[in-house]
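So the structure is just underneath, and the comments pick up after that.
Naming follows writing order (A, B, C and D), and every chain is counted from residue 1.
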Amino acid sequence: MQLGMIGLGRMGGNIARRLMQHGHDVSVFDVNPASVDALAKEDATPTHSLEELVKSLAKPRAVWVMLPAGEITEKAIETLTGILEPGDIIIDGGNTFYKEDIRRAKALVAKDLHYVDVGTSGGVWGVERGYCMMIGGEKAIVDHLDPIFKTLAPGLGTIDRTPNFQGDSRSEEGYIHAGPAGSGHFVKMVHNGIEYGLMQAYAEGFDIMRGKSSEKLPEDERYTLNLTDISEVWRRGSVVSSWLLDLTAMALNESPNLEEFTGKVDDSGEGRWTINAAIEEAVSAEVLTAALFARFRSRIDNSFGEKLLSAMRNKFGGHVEGKSHAPSIQG
Amino acid sequence: MQLGMIGLGRMGGNIARRLMQHGHDVSVFDVNPASVDALAKEDATPTHSLEELVKSLAKPRAVWVMLPAGEITEKAIETLTGILEPGDIIIDGGNTFYKEDIRRAKALVAKDLHYVDVGTSGGVWGVERGYCMMIGGEKAIVDHLDPIFKTLAPGLGTIDRTPNFQGDSRSEEGYIHAGPAGSGHFVKMVHNGIEYGLMQAYAEGFDIMRGKSSEKLPEDERYTLNLTDISEVWRRGSVVSSWLLDLTAMALNESPNLEEFTGKVDDSGEGRWTINAAIEEAVSAEVLTAALFARFRSRIDNSFGEKLLSAMRNKFGGHVEGKSHAPSIQG
Amino acid sequence: MQLGMIGLGRMGGNIARRLMQHGHDVSVFDVNPASVDALAKEDATPTHSLEELVKSLAKPRAVWVMLPAGEITEKAIETLTGILEPGDIIIDGGNTFYKEDIRRAKALVAKDLHYVDVGTSGGVWGVERGYCMMIGGEKAIVDHLDPIFKTLAPGLGTIDRTPNFQGDSRSEEGYIHAGPAGSGHFVKMVHNGIEYGLMQAYAEGFDIMRGKSSEKLPEDERYTLNLTDISEVWRRGSVVSSWLLDLTAMALNESPNLEEFTGKVDDSGEGRWTINAAIEEAVSAEVLTAALFARFRSRIDNSFGEKLLSAMRNKFGGHVEGKSHAPSIQG
Amino acid sequence: MQLGMIGLGRMGGNIARRLMQHGHDVSVFDVNPASVDALAKEDATPTHSLEELVKSLAKPRAVWVMLPAGEITEKAIETLTGILEPGDIIIDGGNTFYKEDIRRAKALVAKDLHYVDVGTSGGVWGVERGYCMMIGGEKAIVDHLDPIFKTLAPGLGTIDRTPNFQGDSRSEEGYIHAGPAGSGHFVKMVHNGIEYGLMQAYAEGFDIMRGKSSEKLPEDERYTLNLTDISEVWRRGSVVSSWLLDLTAMALNESPNLEEFTGKVDDSGEGRWTINAAIEEAVSAEVLTAALFARFRSRIDNSFGEKLLSAMRNKFGGHVEGKSHAPSIQG
């Protein structure tokens, strides 16, 4: 099948590669000509503008936009909207906020264009493992693009099948049609919200194990635990085995004390939007929120609010910071 | 190798079975004679009292206690202490609080007995998958028991090896010697704390996806998502794939609405002790705590504290319960 | 000073009353004629439409809108915008989202109208205690309205003055000009966010004290505490004394077990928007969020997520709901 | 009435003073002779050992121990136990863990000694405001000591009485007999747990208001709020007025940016024990726990867990710390 790919970064480039390796025909464009040239050497059709990209495709065209979410993606889609012709399809494979998808899809309908949003998980491993995709849009259009998605998805692989699986067989191959416009990005958004929660659960557990060697604990209740071995042992047979644990084991094997990291942890829109969605629905989401807030907190030294706590303690009890009789282990 | 097994429930019985299937020689005892008889048919040596069990073993004896943590285990170990002879070994494979292990190990040293604590993960799947074991105790004793642990552990299996793994090779087979007495149960305790956090992260994410169909949301922002398909699709290629997700996919495949569950969720000691440990170490463990509290909250209708909130609102604002203009989706 | 008041509910009616009691001249309108008649008997100028209300006032007019936030307020302001004349002032005293204020103020500038947002705290007690007001808008306009705000505010009263107070003297009287349009409602929004947190802190503390009588605790560690007396004793000399505690003491004095409440606690927009603001600013706000989520959770029986937890426990451990050996006190 | 006071620090010295100012007869002891001398000048009977202190009192003696909780208090009480005679009373006015009280009271009964635990709130302000006291112990003994408690308590003062108050009149004066041994400290412990929650609620709210001036927010949605004025304005007529807010207003009036504080906030045993109690009772206490964890987190730079989050992000997405496209306001 033929596809245009806009944005040849880590994700877009690899997606194009995986498609070509499986016989699809891909036209590529990126603002960086070197990225275009690199893909051209791997048999992609190089183009040097959106117009040229569009012209290189047969109707009905399918153009996959793989750019950073926000203004850059928005602008590319606006330009495409002016160039494409009735029946053509725009696919947004980035991390766009689902309400933007809903708005865009409505606007495009007026021009007889189709919009498909694809939440794509798998990160840098996707080119090898395949990409897990959550897709939103019109059924007929998603069905039309099926050869693309089928190729990009991991497939059944070596993972045990769910016994007597009753659902959509595509989900067993690693992609789903989640629903109308925006639903693909919505499911991907929640996926990332969950991801934050899972990561924070491991982080706290390893913190507690590491803290168990503190000299502030009674001597016979201290353990100096080998976290590399623990992350490895849990990979087999335990309840907490997961892909994130596999990565944790790799990281701790390479660097048991993780000195090369500051611990200032970024977050992206999805984690935040997940909490906003929970609030809109009046769903309690303590764990996902705590995971997000832990990242916020990791990036500052001390907050004004914390200074205020010290100021209050000083006012009511004459407490001076750092002069407490309190037991304090960590820090 | 020879082992005595006390307690032939789901865990103890299966552990005995797995050992015998691999050529070990197991004497068994349970207060329920039917359980003893069943194992005897599978070639175990049946015994009908702790004394008889001990006598059936050659010195130095190794006796594995697989009973509910707390009084029952405590009593069995007290009795054994009176029967065993210098050099013999007691293994506690249950979910004992690690400070109890420390206390016990000290007491047993005085009698020249050895104590080994084994945190065992794997649940009902262990007989098939193997048991992930975290072991505390004296190095020489743990080494002596290695044939037992090696048999029970899952082994390398089909799971990808961590590249250039530098750690203890036992951890790659699914068991570790964590450190002195209590450390095995301590690591298992944190494992369960993490387990709660992981489970709650998924639970909240699926709640948010389910809530997205609410009629209280704007009509064009609603999605009716197929949670069975979503749990399945994430199993391959996504960042949140895990064994708990595999189980989630199984559960949702069998029962998409989970009507057979009340949602009143039990907790066991480990989740609580993990938080206590975090507090002792002054480690922030928001996610693990929120996961525990969510279970507490799930088991009641409404708390007195919630009534107090309503009472305060009534006092300051004349608010009557259920008469708010506020947007309320869930509930 | 002359003021038009639209909306004569609990808040609007009492504000009009307090103004008239202090010599201001108030024209009133409400869709319910009975409310208009009632105020007319207390010397207000009755009007029966927005047009009539506007005509009853001298230029530059000041019209206070005291209606439920959202569509109703929006519509009233739209209508007023068409009737008022250059130089006139619209005051929104409700709980409008501050971003709406920003939008409105911009739109009104084009018509040479002025917009003032007033966050008003004090609830049903305001008519007696005075209203604490947080005001956003142009400085000249807020200064012009000062006689109104000064009358509505509590004044210095009997509360001890902050020693050597350096700030704006209006804040000592119970009102402030917070900044440009929307800032009044923004500060009021955060006020309500804090309010949720304070309430939840008391609620949890009283829950823990009440739970201390549980028969599941060891007999010699149980206390049956008199919560009415405790709420009263903390009112004098303790660190936790507050107006919310005064109300708590009243409520527990009238009804020690609060049987007349279900504990299903409503929330309004401010608590939600406060969390959204925290997320936009990347500020960790665990306590305010937990307080909001506790209200969400109070309104449902059990969540789908909780059922999912039970389903996972059943899958990995064969656990059956309610059959745990775990210690469980509450519930 | 006659009382012996052991420990003449900020709390003990002031308690002795307040008692003497109201005509009570106080013998004093402290390891620091200068403290003894200072009180002697204010008419206290100076003593230079526990033995001398005991001898200076008539039977049945009442000795108030006002020392740091833990070993120091424990040792003083052990010594006293050996010196006192049947019928004498030991009062522990410190912040002892209530389970210690239960243990001690049982041990003292065997020697016909009485034990009273007094949780004392009021901090450095107590000498002026009076002390709010929560008292545990035998009814007859607490009644016997009533003149002491009545003097130390704030009394009705100028605070509005709860209408038609039905409870124990002592609670209106600022002290209560909470129940048997340990209950006084238990109630005080929960008081402090609530205190943490209240403080954190204000801290987060002020953080959100301060963060609203960030240049990372859209320009027309920024406000530069005067936090001194806001803390002052809420003191009168708002729902969030409290003594802690009074102190906040004082602190912000003296130092609007609180530069003299690091924001590394200590905690003491009570906050931790409150969470342990909640866990024992299976009561969800999210807000009180989050407040405690915020203090833990404030005292460290970055946790190992946070480094682990960065390591995982690097592994799955190739993310480099600090290179995110994510919106980040604070930090």
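The rule is short, and it goes like this: a contact is a pair of C-beta atoms (placed from the backbone, for glycine too) under 8 Å apart; a residue touches a chain by one contact, two chains touch by 3 or more.
Because the structure is a prediction, the values reported are computed rather than measured.
Note on connectivity: the fewest steps through touching chains from subunit B to subunit C is 1.
For subunit D, the chain with the farthest CA centroid is A. Of the two chain pairs examined here, B-D and A-D, it is A-D that is joined by more C-beta pairs in contact. Taking shared numbers over all numbers used, the subunit A to subunit C interface scores over half, which places it in the same class. Our note on geometry: subunit C versus subunit D, Cα centroid distance of 30 Å, whole angstroms. Centroids built from CA atoms put subunit D at 38 Å from subunit B. Rounded to whole angstrom units, the spacing between the C-alpha centres of subunit A and subunit D is 45. In subunit C, the residues that reach two or more other chains under the touch definition are 123, 200, 202, 204, 207, 239, 243-244, 250, 267, 272, 282-286, 290, 293-294, 296-297, 299, 303, 305, 316, 327-328, 330-331. Here subunit B touches subunit C in the complex through residues 10, 68-70, 123-125, 199-200, 202-204, 206-207, 210, 243-244, 247-248, 250-252, 255, 257-258, 261-269, 272, 286, 290, 294-319, 321-328, 330-331, going by the rule given at the top.
Those residues of subunit C that touch subunit D in the complex are listed here as 99, 102, 121-123, 126, 129-134, 153-160, 162-168, 170-176, 178-180, 182-183, 186-187, 190-198, 200-202, 204-205, 207-209, 211-212, 214, 217, 220-221, 223-226, 228-230, 232-246, 249-250, 253, 274, 277-278, 280-288, 290-291, 293-294, 327-331.
Those residues of subunit A that touch subunit C in the shared complex are 239, 267, 272, 275-276, 279, 282-286, 289-290, 292-294, 296-297, 299, 303, 305, 316.
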